[in-house]
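Heads up, the next two complexes both have chain A, just with different partners, chain B and then chain C.
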Partner chain A sequence: MTATIVAQPGTPPASPPPKPKADPVDRILDVGIYIALAALVLVFSVASPYFLTVGNLLNIGQAVAQTGILAAGVTIALIAGQLDISFGSVIAITAVLIAVLTSAGVPVAVAVLAAVVAGLLVGVLNGVLIVHLNISSIISTLAVGTAVTGGAYLVASGQVVPLPDPTVFSWVNARILGLPVPMLIAIAVYVAGWILLSKTKLGAHIYAVGGNSSAALRAGIPVKRIYFTVLLISSGLAVLAGVIVLGRTGAGDPSYGAADMFTVLGAVLLSGIGLGGGTGSVQRTLIGVLIIGVLANGLVLLGVQSYYQQLLNGAVLVLAVVMEAIRRKRRSR
Partner chain B sequence: MKHFSGLSSALAVSATVLLLAGCATAANSSAEPPAAGGSGDRYTQDDVTTATGIHDVTSVFSVPKSLPEDLNLAYINPSLGTPFFKSMSDGYKAAAEFYGVDIHEADLGNFNFADAVNKYDTISVFQPEVVGILTPSGAGLVDRTRADGVKLLASGIPIEGADGFIGTPERETGMLAGSVLAEGVAPLVDDEWADQEVVFVGLGQAAIPTTMERVESGLEGFEAGGVEPDSAEFPDLGKSATVADGVRVMADFLTAHPEQAIAVVAMNDQAGVGALQAVQAAGRQDDVRIVTIGADEVGRAAFKSDDGIILGEVDLNPWGAGWRWVEAALALALDEEFVIPAPERVITRDNVDELYPED
Partner chain C sequence: MTTDQAPALESLLSVRGISKAFGHIQALTDVSLDIAPGEVLALLGDNGAGKSTLIKILSGLYATDSGEIRMRGVPQRFQSPADAKAAGIATVYQDLALVDTRDVAANLFLGREYTRGPFIDVKRNVAESRRVLEQLKLGHLPASGVPVGVMSGGQRQAVAVARTVVSGAELIIMDEPTAALGVSESAKVMALAHELRDSGCAVIIISHNLQQVWDFADRFAVLHLGRLAGVRRRSESTVEEIVQLIVYGAAGA
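Let's turn to the complex of A and B:
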């Protein structure tokens, strides 16, 4: 996770490393999450008459939107080799800043702008610590996130701050063509993420930097700029998630985001992206997000005690980590 | 490797297969509680007393024996991992079974209030008549339930715009706790604590005003009980008010007040038990007395085993609170009124075994 960059001028530029050809076992490992998602959908469909209804599927889409948006940002940063775990704090500061400022009579647009600036500053600060001070991204973003969460509590005076006029953010709870707005936003984020990573030069650079930062630098890729870019993308998407949470709850609470750590990292790790960088895709992360969302929804519908839900969520995460370990071990052979 | 890939999906599938109190609603405070005896088409207080056994629930609404078919309720529990809310869960499930209605439950985990609307969306497929929740940020839920035509019965913390509220009257609860504390501390002030400054400590959560009202009223009750502290402080327990939070806050407080005598009203049992542990760890048993509010299993266990530092526990009867939520929800569903008496039962060393013999 440390951004150690050794410049070796004169080395000819190189294209991103070609993807290794997967053997059958890797292919099976790769499709495992699709099978798991399909199996969960099948089981819940049989077990609950409510599960496979349009209304419930849209509920799942709405519920996973926030996790999905956050996970997309974390995925992009992780592909570049940087694990950003400050997203929860960005949600908190976003929701709290907007609620506090609008309560103080500041126009909504200005309050939202302030929240965007604050969120992006978190990304910048992460970048400075990681790129210029060479501190591990886990440590940097954990430290920055902790400080920002403290800042959110300070701004809110430790209180839950209701929006003076929740209708301003009622668009978050609206539906367009029957689809929940947060779900549509999440879909847009994933389409943009897919295009970014697979169709643009920046996307190729992100993979290259995550795969081998030294080689990428030798190839003329602006590694530091890539790191800053992915961290800003991650923070920016966390701001977006913060606005959605604010609209959904009608209040800014400095504790928002604290519980997202498991679900977001779980979804990302479930996709098989690993922590090494250079691999992964937002499409696979989306499947991870859906698995966790379907699991949460289906178990409530079945009336399963929440302790078992937590147990299962943990088991899924362990499974994801084990699968990644196997994959990594196979690659290292 | 194929084995592990298959295992991943198999595990996911098999796992899922295997795991297949004082004030009433804003509009309902004038209703009379159920009559004590008699029979007829409604359950009486005697019926409820018999049904609730040692939990000794005071009914808040005389529920009709014949309820509309398919009437069902939902409750979004803030934290089933917290003993108080687990007991409450057991209580509302028992009441639902007794009255013959379905109740669907969702859990916010560890007070993850940001997820409340999502949890509501999930259980809304059951089309409950009334949904309950304890949350400090319920505005979004008000909009969602209203759009669905579902009644929102706030629990514990009032929600502006909700259809009703049922919970503990914080002021009366705090006053009662403070008076119990004063009764136990007064003899000490005249004797062992005569040369010490007396500090009143209210352990609450700054982010949740109702908890602060509870412990601030504790000071009021303490003073009304005849003890005038030299100072009063209200350290913040933080987000979840767990035992660990109580230990942390009280340990720091004891360090900062090495010479003083300290009288504590804790907003819940967890904070009180945490404070007790901090006192024991610091060896300050002679300097501190505590009254907790709640009387859940954790609180009662600590009370029974400690050496006199906890003077008493105001019994909010969490199991009963769950039962009463169902009664209030049924009243709301039927457009009728309900009432709740203020808590008046205090657990002391004299009555704890009698009130909770199964502990």
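Let's turn to the complex of A and C:
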């Protein structure tokens, strides 16, 4: 060290410091999904006169309700930094358990309770692997999900099990004030999710844990409990989705949920939430859900064959992943 | 060589005869030090001199082999960082422990948010954050709406320091706060140390860079090979003398 010191005034000059601003590319990507949704709506309403009718919009609402409910749960867990992909298996075990138990003469209430317990157990199991065994969430929930799906096949003996009395769950297909019940449930879920994340202390802690778990821990936030909480919320919402599928189809099929994987993850990633944790919101996920729902509906209206749709869904997912990669690259400049 | 032997009456923190060994490495030997409220003390020393070890002891991360720590004359036994925090000692580490995706208010009140039942009292958190920022002359920082991750290194450091004020700390320790900062950002962090001092806190700044802290510290404590080589007031010392203490462990060599 040299001993030459340039004498400086005791306090630094009070130049106005630059105000911190969000990255411009981030902001473009932030509004991008709204623009994308608006553009899709515009294109389809020009292409098909039927698209913007009340009947069709309610169709979309009905169709995206299940994806939406699942995506809300995945979003909440992902904000805490946990990617939960076991939701498909929870749908399967829920529907199959209720169908099999009621077929065996178990009262409906008890069967539903058993399904709820089973679904929440999936959340607990995920939590144990992630929190106590320190296994990454994607591996943990993949493993648990695979096992539970296997369990659902076992319980159903690999069969589709019809409900002995489908009228018990026919309320799922009812409309209240003209609105499909699953859509109303989804709306309730999103309002609750919005309040939880943006208004409550638990919500603030979910963001903190996802953003920097060691800082949260040092600040006295019960990090492990928060992980369990979000995983249970995610599993709980998957149980709800399972009951809706059961009511819609009148049967428990162990293959339920498999098809939801990519629409749900596509919707969540499209929201720009990223896999890092600490950011995102159910409002943005809802936009992602709607983009995928509108796309599927519009393509059907235009008579596009279903494998093209599959291709397009894949393209949307790739787009979402690329967007996330761009963001991450810019962040780590 | 130690300075004043009896704990000064007005001292906030008083360390007496602290020693610490890791195996056969004697990291600290018989270190005694006092710091008064409203004082900025720079803790200097070469690599391996024992600076980090000393502040880890003061933050409750390491137990001492021998010696005594008093806060406002009360003997302390720190078993954990929480104990040190409860005694009013807050340490800002280099990683800052900020949640980058959240705004200033969320970070300042992390884990101690104002609430109404299960709900966050956002208005109050933001208002209190503004008050603390103003108090530290950081009013230009947005209390809400901007994630701290997009802020500059110096601004983030400032947020981490402001959080220690929110936590009610009386002694704030900063571990190499300017290590990753440019000249003007460093000067701002040092100015912040002055604001803390003016609000009655005591500040210990660990530094490698005498140049950066010279203008801002009231006193310099120099560690050399685990021993306190000397404590000097800026008004009664020179850069040359401090450098000699850092390099040789003695002045006038």
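The rule is short, and it goes like this: the second predicted complex is superposed on the first by the 310 of 333 C-alpha atoms of A that agree within 3 Å, B and C clash if a C-alpha of one lies under 4 Å from a C-alpha of the other, contacts with A are read in each partner's own complex, and residues count from 1 in each chain.
Following the convention adopted for this analysis, contacts are C-beta pairs under 8 Å (C-beta built on N, C-alpha and C of every residue); 3 or more make two chains touch, one makes a residue touch a chain.
Computed from a prediction, not measured in an experiment: that's the story for all the values here.
Judged by the touch definition given at the top, the superposed model places A:56 against chain B, while chain C stays out of reach. Shared-chain residue A:29: touches chain B; no touch with chain C.
By the touch criterion defined above, A:330 reaches chain B but does not reach chain C. Judged by the number of chain A residues each one touches, B leads among chain B and chain C.
When both complexes are overlaid on chain A, the residue A:178 reaches neither chain B nor chain C.
Of the two partner chains, chain B is the only one that A:248 touches; chain C does not reach it. Taken together, the two structures place no residue of chain A in contact with chain B in one case and with chain C in the other. Note for the complex: chain B touches chain A at residues 1-2, 4-9, 11-13, 15-17, 19-20, 77, 80-81, 104-107, 109-119, 121-126, 136-144, 147, 160, 206-209, 236, 239. Partner chain C is touched in their complex by these residues of chain A: 1, 3, 5-6, 8-12, 16-23, 199-205, 207-208, 210-212, 214-216, 218-221, 277-279, 331.
Across the interface of their complex, chain A is touched by residues 81-82, 97-102, 106, 110-113, 115, 118-120, 122, 140-142, 146-147, 149-152, 155, 184, 187-188, 190-191, 194, 210-211, 214-216, 239-240, 243, 246-247 of chain C. On the side of chain A, the complex with chain B involves touching residues 24-26, 28-29, 31-33, 35-36, 39-40, 42-44, 47, 50, 53, 55-56, 59, 62-63, 91, 156-160, 162-163, 166, 170, 173, 245, 247-251, 253-260, 291, 295-310, 312, 315-316, 319, 322-323, 326, 330.
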